[in-house]
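Same chain, two partners: chain A is paired with chain B first, then with chain C.
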Partner chain A sequence: MDITIKDTEKVSPFFAFFLIHSVQIGVGILGFQRVIVKNAGYDAWMSIILAGIANQVILWLMYELLKRGNGDLISIHRKIFGKWIGGFLSTLFILYVLLAATVFLRSFTQVVQVWVFPQLSTWIFCAVLLLLACYYIVGGFRTVAGLCFLSVIYSLPLLIVLYFPLHYAHFYNFFPLMTHSPMQILQSAKATTMEFLGVELLLLFYPFLKEPDKSRRWGHYALLYTTIFYIAFAIVAFVYFTEEQLKSTIWATLSLWKIVEFPIVERFEYIGIAIWVAVVVPNLCICLWGANYGMKRIFSFKRRRVLLILALIVFLSCSLLTSHPHIEKLNVVFSEIGFYFLYTYIPFLFLVQLILYKVRGQQG
Partner chain B sequence: MKQIKKKTKTLSIEKQPLNSLSDLFNTLSSSEDFSRFQFDSQGTSCWISYLKTMVNPDFIHQSVLSPLSQHSFTLLQEMKGILPIENIIITSNVQEIQDSLMTGYIFIQLYEQDSEGILLSGVANETRQVSPPEVEFSVVGPKESFVETLDTNINLIRKRLPIPQLTVKEIKVGKLSKTRVSILYIDGIADQENINTAIQRIQDIEYDQIPDSSFITQMMADNSNSPFPQVVDTERPDRIASILAEGKLAILVDGSPMVLTMPVTLVEFFSAFEDYFLPWHIASIFRLIRLGAVTFSVTITPLYVAVLTYHYQMIPTDLLATLISSRTDIPFPPIIEVVILELSIELLREAGARLPTKIGQTIGIVGGIVIGTASVEAGLTSNVLLILVALAALASFTTPIYQMGNTIRLIRFPFLFFAQLWGIIGVSTCFLFFLAHLLQLTSLGRPYLTPVYPLRLMDLKDALFRLPFNWQGKRPVQLRTEDPERFYSEKVTEKKDNEK
Partner chain C sequence: MRKKGLSLLLCIITLAACVPPHIIEDIQMVEVIGYDYVNPHIVQVTASASTYQGSEAGTTVHNETLTTQAHTSKDNRRAMQGLSPKPIQSGKIKTVLYEDKLAKRGIFSYMDSLNRDATVGKLLYLAVTDGKTQNLLAGNYPISTSVSKYLSDLFEQNMKGNFPEVNLHSFLYAYHAKGMDPFLPFIEQKGDKIQIKGLALFKNDHYVDSLSFKDCFIFKILNEKVKLGLYELRVKPNQFLDIEAIGSKVAYHITGGSTHPTIWIRIKLQGMVNEAPKFNLQSEDSYKRIEKKLTQDLEKKTQQMIKRFQREGIDPLGLGDQAKSQNRHWNEQQWKDNYPHAEVHVNIDTQIKETGIKE
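Our next item is the complex of A and B:
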């Protein structure tokens, strides 16, 4: 089953940059420093670079996979595994994407609850943000892409305010270099991959890019930019906090924003979180859009009705997650699944497809 | 799918069509201003019918009656030769005769019972003089503005674009009013798809009476439920001429001094035509100030509510003292305070708009100064808020296009609601809701947020900034013009002064 997508739904190849970058940047960046410092300490910046490189490789694999399959993950699954098994695998992937949406939304709600409104009820906040996401999705892929593009621009000021903590920087924190074993650095790199999750959504929106193969370059730039983003946030946190402090600071980035001071504004983290709404909603939009589109592709459902059901699923699972340990656990589960999906399933799929096409090519 | 019941309804004016001339004259003779008489001269006679109120009396005397009395005639063709008027029609079509009579034509028959006669135009045009623009006034630049007459308006545009490619397409809209609506575009520049869409949308309008172009605006909008106008209406002929040269369409409606242009983008509503009369850097700064003012106007009171209700920690200590001292005696929470003040500003604006100019000014002074000061002294509002609300109102009036100004004034209320709900996070959420709407909005099928999204780097030359004219060599990509080049950009850069 091949797909045809109207030209009016497609976006230029360079939007791959904004789509991939904005789906990768999410709640994680508000507090990833603690996770990566756990194993590699101040050497963790090398872990980010390692994770970035590994991600570039995976992205390359995905592009090869998609180019050969000429479609999205669902049609690739169908071509390789047939209708039933392929459909089952695709459904699993859609569930994973829904899980991603839940994790993003619930984690952000928790940030808001901890930092701004302790009394905020989870369900109403999730409901409004989901409604917002649905509004974008109903507008079509172009609207979602537009949101991603604008949110990347909108969140740029947050990079600039990283300058403020540098007044109190201790650059000697980094030295001596390599105090940790390569194993520890690798462990940190694995933890970092959680922050890079989201890139797999490319498997769904690939056919929505005009001349999709030309977007390759932009995809790699996006990963590079994301890596730089993370390194910047990590380095500023490393030079500002001591290692012990970092290990007990859940949201190091938010703590960094706290010290930003302007003549008319203090406590910048409130503004930061407000701007972050515009970063989390694109995450949610792409995931929900992907799940919606995927469901339509697998089961040929009506799009809008499924969207409502999917939003309801995310809404219910967010509302049911009440305590911090549960959310933390879901985060861990999600990142484990994501890690194995990206670093074992994608290469596996790539190889299977390669072999299959070789064999079929010889037969034909 | 809902079953649509097919009802064949006929409107009352369609029910009794006037099939014959005698029917028509019978219907008309019940009006006092209908005149029909026999005119005798030199042995020949004819019957003349017209509406006295629609026809210029001097014209009848000088151009119709006096030539007819000096010559004799037996045929309509002969009569046509006698009358010193161009564009005489000989017809027996009742519908045509009816339409013409109603718009100020004179109908002449040889005999009372003849079905054929000649039609000639003697329209008495009661028109206003072309006057300086009032809504979009500019200190420099042309001081002409459109009037209510369609032909005068087209004349004002044609004077500025004397080329045969400037095309005028006319459509009659309205069952009762039969309003003439003209679509102007430059053939070979404007996109054919845009033209077709606009023509089709105007033809599809189903309404009885069109008093003004704003009716057309609302009826042909892409999304008529949007608070954002999707058509720029302007009273400046110079603006329309340059918009046509850019490749857009202009829609003129008889009886309306506002001309519509489509397709448009959001930023166009914040560009005054004066921006092109000033040096580019100065104009760009003014445009940025305007955009900043609009952002300020929409967000400042929601931010006040958000910060004072939830995030007072955000205010630096020195400023906090000022705010607290101004608010110590206020018995209301910030949201009530803000809503009261914002509504009273709306009240002032509305009262000022409904009253004659002179009284309106007094209302402004009474409302602005007296009520404002008194409410602060009475301890009902804080003076900091009074300053903010007044500034926000002032800022919202910088919008050059009136329709957008109204939008800007009203969209702050959803922001206020969200600010009360979730503080600064609510403001951000509300902004995203509006963004979702704007991203989906189109004007004549072209995206509303260009050149920002979809990103058209080339079109940014005249969006947030107004770059110099020699950078404006390309027409906006968004319009998909048939001829993207405005002039030879290479020739601009040549400096001919030094080649002596």
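Our next item is the complex of A and C:
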């Protein structure tokens, strides 16, 4: 029942940092400001901090869960709920991961369609990116982890570019502080958790980390870094736009890049979107890899054949989403599921496991 | 064999671009757009584009203008497409002009397409023209290669100096912010030159008043940090001193919220004497004398300028926006009612640092 993974397939504990951070930074950061401003206005930066702290707690719970279960989510499910119910729950999780892949891919395709190539057909762009992702996944987990490492490096210059919009900054926008009720700030914090989704993939790749317990602090660092990333992008957007403008700007981060000008690059957003491919592909890779690995663990399928089927499912669902309202709706559904999974199901599972182990421990 | 075939297929998919290409020689890049008033429902749009013609003597640049009339800005583009031998692209727009007559009726509705179109940048210049933009754009300006280059260079270099900084982004910010009104450059065609006449002041998106070019410096020190500017100080009825501002800072403090607002403005200005004919700079207290005179003069003029804004109920400095951040119970309507009667105190601290290479 327990799994053994060859040492040659494992990665060092510090890779947890790159894996978790890169899967959390995705298309969401291009336009999350509008969503969080809706409830808490310019106080929303506090919501990001709250969401970051909540996420740290959940990560700690996940590590405890995995340490006690000594395996991945699938073996934990099986141990707690038995073969059938456990398998069913694991399948649901795999479907959720596939949904994540669809949301990431389709949202990014939409960005490319709106900002760069309006005539670009969804299916061809998705197909190319999916084929690329499959190619990486066939290379194994280590390849995917390496790709995540690179994506963290590639996204760094985009933090530096945030300096340019500060020329038009109105720092007094933040004042007075706390003009919104704690409830509104919490609502925004809930909306922010969507941006932190992806951390749950740890439940699948945990056994692939060498000395997994040592990766703990790297995981927490990754979350801290993600939180800083989001706060930086939020603050710059808040001082650059008025609240009314932000509420009607779908991709605030991309609109920020519009003001960046270099002697050889008149419009930075095109460069930014191109760099962002390097951030979205690893996202896609981890999700597809996770789904693929999970399917193999649950049903003992052949990995490569399943991979193609999974890619096909993502491809078809992406092609079926044709307009902005559809994508928006899917994003909302995905974030709701993700929120309840992380903040309800994980603590529930943690408690069940705790009680079960206590009872079994006493019996034995 | 199968692998080779697959990689070939991949190459075909990725390399054969999925979207039609835009080759630079085959498109018409519009650089300046002008909006003119025709009647309440119809707007006239003039687009200026450069065409390049190669000959043995080198490449020559021609300014071409296309003019159409229609209900909306994008509808004009459709009509313009019917005049142009090449497809029109808007990615290179650098300047957008509005006729004063049109600006008086509000310009925001014409800006929607600028705001929505992802290909249009945010660093573009906007301006109000005295007279038809069509005439201005059709003019011939030997001083620069094209009217577009002329306009954008004109704005760029002036905004580094005496003229306050404004572009599409700051216009939109001021328009959307509560308690803030936008302003734009006001320009005019003068023979084969284009001249900045001053600053066009807006109430929401309606052009209501203008400041002279000379007053722009006063406005600039009130509005933002100044790194470079020239100011002529009248010492005696017939004696003038030229002061070069080399740095200034401004801070606003608004007490009383939106019910009993009192506006406190503090400016720190550093300058150099640039030109001082018939003026004795050798005496000990000459620096002090100039500083005192400058402070008095600027304090009076800034007060007058703000009083003028209050009378007209406009707020190009964004005092309301500042007040909002300094008071928890700020209310937009209340502010609008009380702003015209608010007391204004301007405190200017000047410092003359140098007098050039001569005393």
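We adopt the following convention: the second predicted complex is superposed on the first by the 364 of 364 C-alpha atoms of A that agree within 3 Å, B and C clash if a C-alpha of one lies under 4 Å from a C-alpha of the other, contacts with A are read in each partner's own complex, and residues count from 1 in each chain.
Here is the rule we go by: a residue touches a chain if its C-beta (ideal position, glycine included) is under 8 Å from a C-beta of that chain, and two chains touch if they have at least 3 such contacts.
Since we're looking at a predicted model, the values are computed, not measured.
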item	value
First, second, both or neither for A:L147, with chain B first and chain C second	first
Which superposed partner A:S12 touches (first chain B, second chain C, both, neither)	first
Partner chain in contact with A:V281 - chain B first, chain C second, else both or neither	first
Partner chain(s) touched by A:Y136 [first = chain B, second = chain C, both, neither]	first
Which superposed partner A:E244 touches (first chain B, second chain C, both, neither)	second
A:R267 touches, of chain B and chain C: first, second, both or neither?	both
Which superposed partner A:A127 touches (first chain B, second chain C, both, neither)	second
Doubly contacted chain A residues - partners chain C and chain B	116-117, 120, 125, 128, 261, 266-267
Partner chain B, residues of chain A touching it in the complex	11-12, 112, 116-117, 120, 125, 128-129, 132, 135-136, 139-140, 142-143, 146-147, 149-150, 261, 263-267, 270-271, 273-275, 277-278, 281
Chain A-touching residues of chain C, taken from the complex the two chains share	10, 13-14, 18-20, 91, 118, 121-123, 169-170, 172-173, 176-178, 321-322, 325-328
Contact footprint of chain C on chain A as seen in their complex	114-117, 119-121, 124-125, 127-128, 131, 168, 170, 172-176, 179, 241-242, 244-245, 255, 258-259, 261, 266-267, 269
Touching residues on chain B, where the partner in the complex is chain A	310-311, 313-316, 319, 422-425, 427-429, 431-433, 435-437, 439-440, 449, 452-455
